[in-house]
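Data block below; observations after.
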Amino acid sequence: MIFSFIQNIDTISAKVNSDSLNMVKTAIQDTVQQVSEKSLGDISFDFSKIAEGNGELISVVSMAVVFSSLALLSIFLIYLTKTLQLSVRKKREKTGEITPASPKAMDSTGEIDAAIFTALHLHFSELHDLENTVLTINKVQRVYSPWSSKIYGLRNIPRK
Amino acid sequence: MIFSFIQNIDTISAKVNSDSLNMVKTAIQDTVQQVSEKSLGDISFDFSKIAEGNGELISVVSMAVVFSSLALLSIFLIYLTKTLQLSVRKKREKTGEITPASPKAMDSTGEIDAAIFTALHLHFSELHDLENTVLTINKVQRVYSPWSSKIYGLRNIPRK
Amino acid sequence: MIFSFIQNIDTISAKVNSDSLNMVKTAIQDTVQQVSEKSLGDISFDFSKIAEGNGELISVVSMAVVFSSLALLSIFLIYLTKTLQLSVRKKREKTGEITPASPKAMDSTGEIDAAIFTALHLHFSELHDLENTVLTINKVQRVYSPWSSKIYGLRNIPRK
Amino acid sequence: MEQLLDALRQFFTYSGFYNITFGHVAMIVVGLLFIYLAIKKDYEPLLLVPIGFGILIGNIPFVENIGLQIGIYEQGSVLNYIYFGVLKGIFPPLIFLGIGAMTDFSALLSNPKLMLLGAAAQVGIFFTFIAALVLGFTPAQAGAIGIIGGADGPTAIFLASKLAPEFIGAIAIAAYSYMALVPVIQPPVIKLLTTKKERLIKMKPARVATKLEKILFPIAGLLFTTFISPSALPLLGMLFFGNLLKESGVTKRLAETASRPLIDIVTILLGVTVGASTQATTFLTPQSILIFILGAVSFMIATAGGVLFAKFMNLFFKEGEKINPMIGASGVSAVPDSARVVHTLGIEEDSSNYLLMHAMAPNVAGVIGSAVAAGILMSFLLHLV
Amino acid sequence: MEQLLDALRQFFTYSGFYNITFGHVAMIVVGLLFIYLAIKKDYEPLLLVPIGFGILIGNIPFVENIGLQIGIYEQGSVLNYIYFGVLKGIFPPLIFLGIGAMTDFSALLSNPKLMLLGAAAQVGIFFTFIAALVLGFTPAQAGAIGIIGGADGPTAIFLASKLAPEFIGAIAIAAYSYMALVPVIQPPVIKLLTTKKERLIKMKPARVATKLEKILFPIAGLLFTTFISPSALPLLGMLFFGNLLKESGVTKRLAETASRPLIDIVTILLGVTVGASTQATTFLTPQSILIFILGAVSFMIATAGGVLFAKFMNLFFKEGEKINPMIGASGVSAVPDSARVVHTLGIEEDSSNYLLMHAMAPNVAGVIGSAVAAGILMSFLLHLV
Amino acid sequence: MEQLLDALRQFFTYSGFYNITFGHVAMIVVGLLFIYLAIKKDYEPLLLVPIGFGILIGNIPFVENIGLQIGIYEQGSVLNYIYFGVLKGIFPPLIFLGIGAMTDFSALLSNPKLMLLGAAAQVGIFFTFIAALVLGFTPAQAGAIGIIGGADGPTAIFLASKLAPEFIGAIAIAAYSYMALVPVIQPPVIKLLTTKKERLIKMKPARVATKLEKILFPIAGLLFTTFISPSALPLLGMLFFGNLLKESGVTKRLAETASRPLIDIVTILLGVTVGASTQATTFLTPQSILIFILGAVSFMIATAGGVLFAKFMNLFFKEGEKINPMIGASGVSAVPDSARVVHTLGIEEDSSNYLLMHAMAPNVAGVIGSAVAAGILMSFLLHLV
């Protein structure tokens, strides 16, 4: 039985092939026609729908709410920062510590930033998702240590 | 439209604020009153409920079962230990091995324990959950190194 | 109450024990009988069932389909390899690169293979699941580098 | 413009600012307190941070059942889908699987008789059960409340999901709160019930358990405990399964996965939804407060039970074999906090008295003990009574 | 023999070769294109590879509803079970949990006013919403389509699952396609709307945020945003929860699990089913094509919104304090691609102008902004209107 | 007092000691045997430990359907919830995803014609299918039993869940048992069917596959196999998806997650519930024993099929190109055990004959082959017949 089957396999496959080719051809023709017909028929512009769906109203209110949420959070953060810095300063004054140079002073030369950002740039040019960003930043921070010449240490970070 | 909206925003926010403050105030008053009323009204002591709910019966039987489960397991473990030690000893006797000092002898000085437990203590004082416990114990074993003569016996624990 | 309970515990446990022993005994007898009865009664050979269930038909068609799927994929891969090698060669001819020794030439001595397979063998003898296989192969590939004496590098692979 | 104001006003009525009640504020404060205790005091942070933040999430005020699917009790919400794992008792066994895969039962194997201390400390469960009956809870509710005395979060949540789903939140919060507060609750009870001489007792160092014993333990543990109390199977089956994965030596990767990503994922999901289930509108009731009070008492009784039984056991041991009764307190479980508490107390009295490994034995036995107790309570309260 | 041929022929009518249509071919080509872009061009490969292969899986032709349970829309099929997590909006919050656990909000903390740029860029959402209304979509559908402008995959899928489940596939594909194409879409818009002088503005280096600020941020973030828009709770609750796990310092292992195995598992399952949901028989409609076109416009408007608002903010800042308006474009989110695009543009103009950290601030704010917007749209379109 | 005794006695009637039958004892012995083989003999421990312990868990005797929700077949029990993933065929595709992400198809790519051996070995499936019909099983049951000859656990469980859910336990246990016993079953069959001269054939070392080939393989594999047999899509779709994640080079973290935590979690849950599904009360039937016997025969036929087809193929190859017919035996899959068995046999005959990499080709082809076969059986038995 199997042998006669094998003898017939050519016939079958020939039939199958012509069948399938016809199928594919008809299918392509049908679909192309369908899609193009539908596309033309269905799309239309109806500006009355905006008012009907309360489009303007929803949009304006929503944007206002988005803005106010983020503004509120932003104001809170600004206020928080001030409060924290104030409390730190008070503490220091009490304990008679010498106030260290303000963070701004530290940034004046820009060299450090340049170093960090160059390093970041080098890395980022090869990175592609959020996690990598974070990992990289961590790496940079870890590598950055007082004894390393400002640029040297950063350039040699092995890329993964 | 948007500009007139922005002009009105102060009015809205004022209204919203007074509204919300009133809400919060009323809400607090209501809830405090509710909870205190309920608390006073609902709690009562009714000892007849114990018998009704078979409290004594369930408790005694349950404690008995808990005890017997753990006792059974404990007896099995004691028996298991004895059997295993016996079989090990028999094997050794057969093969003519010299029986090593019993584990108890090893413990006599207490110095080793002190070492282990100090190490454990140091670690544990910084640990906070179950997993850490396990990890620490592993760490301790790993930390022991050839130069500590006292602990020699411990170094032979097969590391997994 | 608890104390009188404790005094009675022996009686209970005696009763419980004889109860449970009887249970177990009866249960074993019943089950053994049941299973053996069923086993004898239920099994029978009925070859007419093959045709009834289209056994031959399904089997032959299925085997044919399995073969043709894998054959198709296999033909595709053979064809793919040839195409890729062809396109690489064309590229090289264009750029005037010297064609390197064919991969086959590299294999002629068999020494490298021996090294790889010995290493693999050593590892495989201790490995037991698919993942390990993969890991090992990777390790080997990583360690294998042109400048390392043929066997030396392979033997020193750190086992995990 | 008018329309806009109307829309804004209407939107505002659906905001948290409009729907806030004193209950929400109170619960948010509780959530913040949990987070504070976790971060600042380092009390069980792996549980208190998720639960604490979950309390915040659960107490953002909103309008329920208007199709927005926000709240944990609204069908179709994400929190509701996740909470399913709590409500059906699926998460606790998975946590037990992970705990099994990271627990070393050596301490127990080297001194099996200490296992009885893990049984004795379960007395807190039954005392609380009776007290809850007296206070008017139904038997099923009383059983669920009693289990707080087992000092085992997953067991408590599992039993509550079966016996009193309406109290899962309160029971879980109480259980985890007191587990976090073990360093505060246990020392006075222990000191009250022991003499200085007893607290100074030194115990012989434990022997090392062999690999074979460690492999046989989870198998024997499963058979002995669940043959007696089959209802404990979901919890103990998974606990011992995890432990066999750890000890078999041939399934290391499964044990690692069970004890890291699996238990972490379940902990995150369980923590945040248990926290969120304390939605003020359903949570702040006199019952919740009663449950909290009963929980505290339960922990004290359990501690006392363990310590007193240790003293009782000492009656049968000759000098030099006696156990330090403080380790009885570790029988409540709350692994490993209560063992650490006992160890610290031991060090306070005599800086060379290292009780930690000894206390670990009743500590892990307490986990088994309360799971068995939970199984028995289920049998009685779901079926037999 | 005849019987055999019949069986083979019949089997053939159930094969892919028999049931193929032009649609299947077209979608398979799209799937291959996605995979090509991901591997060769490295566009968002963590999403485009799963989605691309999912498109292949979903477009293997077969005969539906004959009990074989193959297709994603056939009840009982594996793909259908996994798709449940997409359809019910369960996966997106879990992805947000992981994103929260790996996002560093420092940039935002050190310059909070940049948060407004993350709000401004959401204008793309509402423009598209209105455009979709005009094109005849229902308000709910229009809202779901609009969110493509939020440039945030999980948010888009979440909102689509609530408002227009019939378009989840199209919306997700559009959102991820354009997120991948951010480096192509944004630069021309940015250049069109800024002068060379503006593009050369250098910003002061950001200060370092303290640990306390980082801990308080997720808590404050949750309360402020969800009190205003409770419907954003599923997304923002999880985002900030994940971030607290990261920043608390005491739940490192939970943060690691949330940001590796948990988010990866969900990404795999979400990606492949979202891809497979583009089954040609239901996907290739004129609407899908419209959604795609609207998505492109949406991204451009959003970019423009961010840039223009940045220029507007500059009116209020004195010289030396001004912000580089290009970073406004990062407000669309598409983290971190759009920040990188801005950084690259900055470098092009002046190789010493490092805008990356500054651009990260509106970038992460954009995530929060579009989640809030999604919450508001849900409130309006599911209930209020 | 009397009341107490009554309660105790009643409680006892619900204990395992009271409800034990010979079946329980027998199955517990089987479970212990599995664990012993896994730990001592190292036979597929990642599967036999979970299944073995699952058998113990499933055979703790208890009273069913009294509301305690203990057993795997009781609705609402934890085991029942987890078993859902087995019963609905969800777990096997996820395992295939992980397997794809850890399988290196290089061996197959470097010698594609060996793929036919993976087809030939599937003859065991159909032989067993016919034998099962003769023994009185229904066609659907016979198909599910036949697949044991595919030597692929997930495929067997998947097909059983679709065709004969009542036999999932027996089929899974049989499949995994024989996969563990491959080193015992295969060598005699191989030796019987090959001459010493054949066993000494050395094969040319395989060439190294290029990265492009590795990337194209999963894509082509999906299209070619599932276009022919769409019902294999759930299995092969996930297998090739996992493999693309591995080979794409840009989705490493997803491949790592799929091949570690994801597959481990699913393996744990699948193993323990498949084990537990052998609850004595439903498992110990003559059919289970028949399935076991048929499984053994199935493996031998499959091995013979692979070896004989290899010899048949050799008729067409000239000297020096001939394949060692032993590698045909690896076509059964049981990756990588059967490849290792062949390798060991090769070494026994000639210590310089390294067949491992060659045997890996039919080995992985066998996985694809049996998944295709499963798909075809599904089509026929669920719909066409």
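Residue numbering begins at 1 within each chain, and the chains themselves are lettered A, B, C, D, E and F in the order written.
Note that in this section contacts are C-beta pairs under 8 Å (C-beta built on N, C-alpha and C of every residue); 3 or more make two chains touch, one makes a residue touch a chain.
Here the structure is a predicted model, which means the values were calculated and not measured.
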At minimum, the number of touching-chain hops separating chain C from chain D is 2
How many hops, at fewest, get you from chain D to chain F via touching chains? 1
Examine where the copies chain E and chain F touch and state whether the two sides share over half of their residue numbers (same) or under half (different). different
Which pair, C-F or A-D, has more C-beta contacts? C-F
Could you give the separation in Å between the centres of chain A and chain C, each centre being the mean of its C-alpha atoms? 40
How many Å are there between the centre of chain A and the centre of chain E, using C-alpha atoms for each centre? 8
Touching at least 2 other chains, the residues of chain B are 1, 5, 54, 56, 58, 60-61, 64-65, 128, 131
Quick check: what residues of chain F touch more than one other chain, meaning two or more? 4, 7-8, 11, 17, 20, 42, 45-46, 228-229, 250, 253, 260-261, 376, 380
Can you list the residues on chain E that touch chain D in the complex? 88-90, 93, 97, 162, 215, 218-219, 222-223, 226-231, 233-234, 237-238, 240-241, 244-245, 248-251, 253-254, 256-258, 260-262, 376, 378-380, 382-384
Given the complex, residues on chain F that touch chain B span 3-4, 7-8, 11
Chain C to chain E touching residues, read off their complex: 54, 57-58, 60-61, 64-65
Spell out the residues on chain B that touch chain D in their complex, using ranges where they run on. 1, 4-5, 8, 12, 15-16, 19-20, 23-24, 27-32, 35, 38-39, 42-47, 49-50, 52-56, 58-59, 61-63, 65-78, 80-81, 84, 103, 107, 110, 112-114, 116-118, 120-121, 124, 128-131, 133-134, 137, 157, 160
Which part of chain D faces chain E closely enough to touch in the complex? 7, 10-11, 14-17, 20, 28, 32, 35, 38-39, 42, 45-46, 49-50, 53-54, 56-57, 60-63, 66-70, 76-79, 81-82, 260-261, 264-265, 267-268, 272
